[in-house]
Amino acid sequence: MNEFGTRYRIGIFGTSHGPCVGAKIEGCPAGSRISEALIQAELDRRSPGKGAISTPRMERDKLEIISGLRKGKATGGPIVGLVRNVDTDSSAYDAFLRVPRPGHADYPATVKYGGHHDHRGGGQFSGRMTAGLVIGGAIARQVLEKKGVSLLAQTVQIGKVVLKKDVPFSIADKFVRASAVGCADRATAEQMKEEIAKAHEERDSVGGVIKCSVIGLPVGVGEPFFGSIESLLSAMMFSIPGVKGVEFGSGFKCASMRGSAHNDQYIIRNGKTVTKTNNAGGILGGLSNGMPVEFRIAFKPTSSIARPQMSVDIVDRKPVELEIKGRHDPCIVPRAVPVVENSAAAVILDLMLQGGFA
Amino acid sequence: MNEFGTRYRIGIFGTSHGPCVGAKIEGCPAGSRISEALIQAELDRRSPGKGAISTPRMERDKLEIISGLRKGKATGGPIVGLVRNVDTDSSAYDAFLRVPRPGHADYPATVKYGGHHDHRGGGQFSGRMTAGLVIGGAIARQVLEKKGVSLLAQTVQIGKVVLKKDVPFSIADKFVRASAVGCADRATAEQMKEEIAKAHEERDSVGGVIKCSVIGLPVGVGEPFFGSIESLLSAMMFSIPGVKGVEFGSGFKCASMRGSAHNDQYIIRNGKTVTKTNNAGGILGGLSNGMPVEFRIAFKPTSSIARPQMSVDIVDRKPVELEIKGRHDPCIVPRAVPVVENSAAAVILDLMLQGGFA
Amino acid sequence: MNEFGTRYRIGIFGTSHGPCVGAKIEGCPAGSRISEALIQAELDRRSPGKGAISTPRMERDKLEIISGLRKGKATGGPIVGLVRNVDTDSSAYDAFLRVPRPGHADYPATVKYGGHHDHRGGGQFSGRMTAGLVIGGAIARQVLEKKGVSLLAQTVQIGKVVLKKDVPFSIADKFVRASAVGCADRATAEQMKEEIAKAHEERDSVGGVIKCSVIGLPVGVGEPFFGSIESLLSAMMFSIPGVKGVEFGSGFKCASMRGSAHNDQYIIRNGKTVTKTNNAGGILGGLSNGMPVEFRIAFKPTSSIARPQMSVDIVDRKPVELEIKGRHDPCIVPRAVPVVENSAAAVILDLMLQGGFA
Amino acid sequence: MNEFGTRYRIGIFGTSHGPCVGAKIEGCPAGSRISEALIQAELDRRSPGKGAISTPRMERDKLEIISGLRKGKATGGPIVGLVRNVDTDSSAYDAFLRVPRPGHADYPATVKYGGHHDHRGGGQFSGRMTAGLVIGGAIARQVLEKKGVSLLAQTVQIGKVVLKKDVPFSIADKFVRASAVGCADRATAEQMKEEIAKAHEERDSVGGVIKCSVIGLPVGVGEPFFGSIESLLSAMMFSIPGVKGVEFGSGFKCASMRGSAHNDQYIIRNGKTVTKTNNAGGILGGLSNGMPVEFRIAFKPTSSIARPQMSVDIVDRKPVELEIKGRHDPCIVPRAVPVVENSAAAVILDLMLQGGFA
């Protein structure tokens, strides 16, 4: 149903080459101070041309709020925000109904909808749909900030380049926003840019990993089982196009660990009950335990590449060599950073509202 | 709300040491042939004493259906199945309200519910709650089998022991069920048993990885974005206690891959459009593409270990050495295999019903 | 999906002649004091043999709680309560698959489920299913009482006998429970009994009207449009078998009124803003305005009557005279009083939780 | 959450004097032919100036579709339609935050939202919000028409004027649309106009009753209990501002009827199983029985009247005489006819999709 959330709910709409993309947001408490400029700033982070590879200056995604805000505050009713699609060229896409692009939704979508879907620009499967997530998330985080909850997503891997050090949240927060690749460490960021540039030169693309942290959560946010923080966050993350893996805390490494090493033992620090390590990623039994919530998301390399690829004509059922024309973004990870950060905010706010924390 | 699913919905209830654990299941089509013996068989796979470490013979979880089946068929109304809790000893658990066990939900649950929750045996955070998932899933898979859809979960890693070979689905299916650790390769299974035995001897526990495959799905199952196969399957998987990571197809490896290698190129095989590789794990744009759906789930080492651990008295706010008495399962992975397999079936059936495929 | 509610949710299960009928209840706040005896008392009010016509003493519906309560308090997890079906005779019901009873769900249910439903005793369409509503509602009202919210349902019409006077809530509350027909006025109650007795003698049945009042609601409970108090209460009321009409405040009389007479003008009484009249039935824009919430529910005469009726054999497609054997309840209204009262409580608690009032 | 429906879901947004009002619609099957002109036609029926009392020609509500339709067909994604608010004068409304208008939502809304809601023109409680219902419903009925299902709403009472005769569906359908008051009988329509004119002259308003019929429904649409046709239709109807009562078939009259008269006996007519009478209003056990679904909705007299009324200043807590300036619609019933008709269509389509009928 294109909707996510129970108490704070984002419903996205539009298609990549239709009139607009946007979101209808339910559950923002009446009277919350919401700055449209802050939403716009997050949309700008997501914009093309903000990545490592400079592209010709494009029209930015201009936010339009048509419901739910008045005099800078939420009215308590649904908020609807959208960005118009401009400058779209849909001419190439009809061909993909017959010859699907490898790695894209073309093939199953055409089978599913019998060709009735809006396939132009990837339609409702396009990464462009994440603009709606950013709008909904950028509103949520403004509510969260008032509650002392902050989020930070950062690029920790691009291709073979892996961030080695752990930059503290408060420092990372500044550098990530200034970095073209969303990496707080300058030297690593340079290597990442090179990795992307190299892939681009070779008419190829490259994947990466984003790490996201949430600090300031009270103890007990989340619900047992299906309402666990991990369940809801992973469901949101896996709805972002290109995500292939999500792990919390120790993640896949936990498989080869012993319980004695993995269990985060409790200690008192500054009068507060905390854990010595954070293999749990801040979550026990699906609930926040007061430590930072930490998770990592793997993004595949961009599916659209300039190199010719093999596909099939699904009508004639014969092999076809396919070449995808146009500008290609060799790595979606930098632009995905604000998407992860903001959409995670929406999930966290939903869980806080569910638990009576907001 | 302890419920999962839209068209096929499982609601779990009960607590580990309350009268019972069970599930209320909505959406099973009227007239579906459902064998209680097959549900019981799946519950038996999940039972304690079925793992690598033989434990004293315990009462098995005996299925009781109190609604929704009649003469071996679904009536179209809600199905309610449960297993009684017998032979529970809750005496130890009161202490954990003050001195929480590392790695368990004790601490955040006590804060969240102000001590009003049923904390005995982990209460509604207990792994025992997965019996409800198995009941709901074992019903779903009987419906799926009629539609030609099959699932298989298998253990591919225990601690440092990793399954190297890829056993074909049809063969694995038989051996996995016969294996105490849920691994189709006999030699690897032996090593896994040793790994578990070693951890047990050292009064410790060990984690692992389960791989799950779904075959026979028609093209186009799944919904865009929030209804993607990955979103719903990961949400279900992360509700299983102890899961720290979920990845589809190439998973986290995709981050260091190039698009030209990652994109699964289309070919014609036996007159059908398929992909040459399956890095996508059978899913594009959240929809099934006709290839096997494949995903991997990382389980942390069991939190309960016999070794003393450091914790704190959350009332007195001082450090306490904690020793957890009783029998400990050094590895939950073998028993998690049927949980993964069956609960995934529930998600797949839900998606098929949503898309009009069942 | 056999479930009702957002924050306080009742899911009913079972069938009239299956093993049991019951409810799974979500959202009861952890730590709420819940008396099983009070739930049992409400079930007893609903029991057969409690109406105006004395029937041979039957086994009472004995409450069994299998999840969610511990030491007299809600644990915060799902509550599951049920009553076993005993002493059922299903022999007559197979015939109704071919020759549907007028006024019952037999015909559309058989078409809908292809005969796979549990049709015995009306199956999941039976009035017996309301036992689950009573269980869920009797829990809700215990939570409401602590918040100062009380409900009262009373019979105001049986057949041609109409209650003329308005008995104050506090007085009615006592007399209604003592009355076999659920009417607070003794003289009218006697006439109602006669009306029922007369219908019974004539091998016929008779309908009636129940009025329900909710007092103590804070101002602002309810949500705009689809979440209005009227929308949710009417949806619940119309799920009770036999209900043909629901009206709030002035109800259908409003159609012939002028705005100047219908508008409830505001006044100050005892320092509080109240309205002089209550044509609104305590609700404006879907929200409570602080006045008593008042609504009326019309029940049709019981469909099962001893007289022969015309039906058709839906296989042979020919007319058949049908005689329904067995004991018939000539008027369901008295037993519906606790169903209305308790199920309304569930809706009100749901709305209060939604609005942050509980 | 401002949303209604399970498989066909309408979410309304906007406020009376905000930028727009509209709806986000989920579940319209991909490929459905949807004419924007037909939606516009329904919006025009709802427009001010279409009633019995001619008002100065106003800007009509011009439909704008920003998502979900392409080349006259549904894409399968969310449909978003809206109408801009033009020519609004909000100057009067601030006063109502302190001195609430009798019969309006002013008082409880101000208490509920602490004054943060958009109160101008009634905000999200305004009758203007029903434009979103009309958009969503007008789409639904185009899908229904293809399935042979038709709806008709008509005015059967205005004040003291009651329609006596029963005009057949096919005839009524034409005359209702041509009638300024939505009544198929010309003579009665004239009396209704006079009734409205008289109320208007006396600076007052008047209520009425709308009857709605649904024909062509297959047997078995609807779900047991909470998913009954009555439950969902009444929930939708009671979300329309001004509705005080809803009844199906015999409605409140059933209370004084005997079962032998009320039960609709089955007969064979033209080879089909039908009932001789239709006291059930086409619904048994919540399911359609193949007869026309018939229900009646009572509307209170418009709350805004030109006469001075008593209210209170809720800050100073003292009585205030209130005069509401501006143009007043003396009867909302004529404009409510298309709202009832179209919003009912949305509910019916939802139920058909739930049951696999569409």
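The chains carry the letters A, B, C and D, assigned in the order they are written, with residues numbered from 1 in each.
FYI, a contact is a pair of C-beta atoms (placed from the backbone, for glycine too) under 8 Å apart; a residue touches a chain by one contact, two chains touch by 3 or more.
Model, not experiment: these values are computed from the prediction.
Greatest centre-to-centre distance from chain C is found for A, with centres as Cα means. The copies chain C and chain D differ by a rotation of 180 degrees on their C-alpha atoms, rounded to the nearest 5. Chain C and chain D, compared by their mean Cα positions, are separated by 26 Å. With centres set at the average Cα position, the gap from chain B to chain C is 40 Å. Separation between the centroids of chain B and chain D, computed from CA atoms only, is 47 Å. In chain D, the residues touching two or more other chains are 1-3, 12, 77, 124, 224.
Residues 1-3, 9, 11-15, 18-20, 22, 24, 26-27, 30-31, 65-68, 70, 73-80, 82, 113-114, 116-118, 123-124 of chain A touch chain D in their complex. Listed in rising order, the residues of chain C touching chain D in the complex are 1-4, 6, 12, 100, 102-109, 111-112, 124-125, 129, 157-160, 199, 202, 204-209, 219-220, 222-228, 230-232, 234-239, 241, 243-252, 254-260, 262-268, 271, 273, 275-276, 279-281, 284-290, 298-305, 307, 309-312, 314, 317-319, 355.
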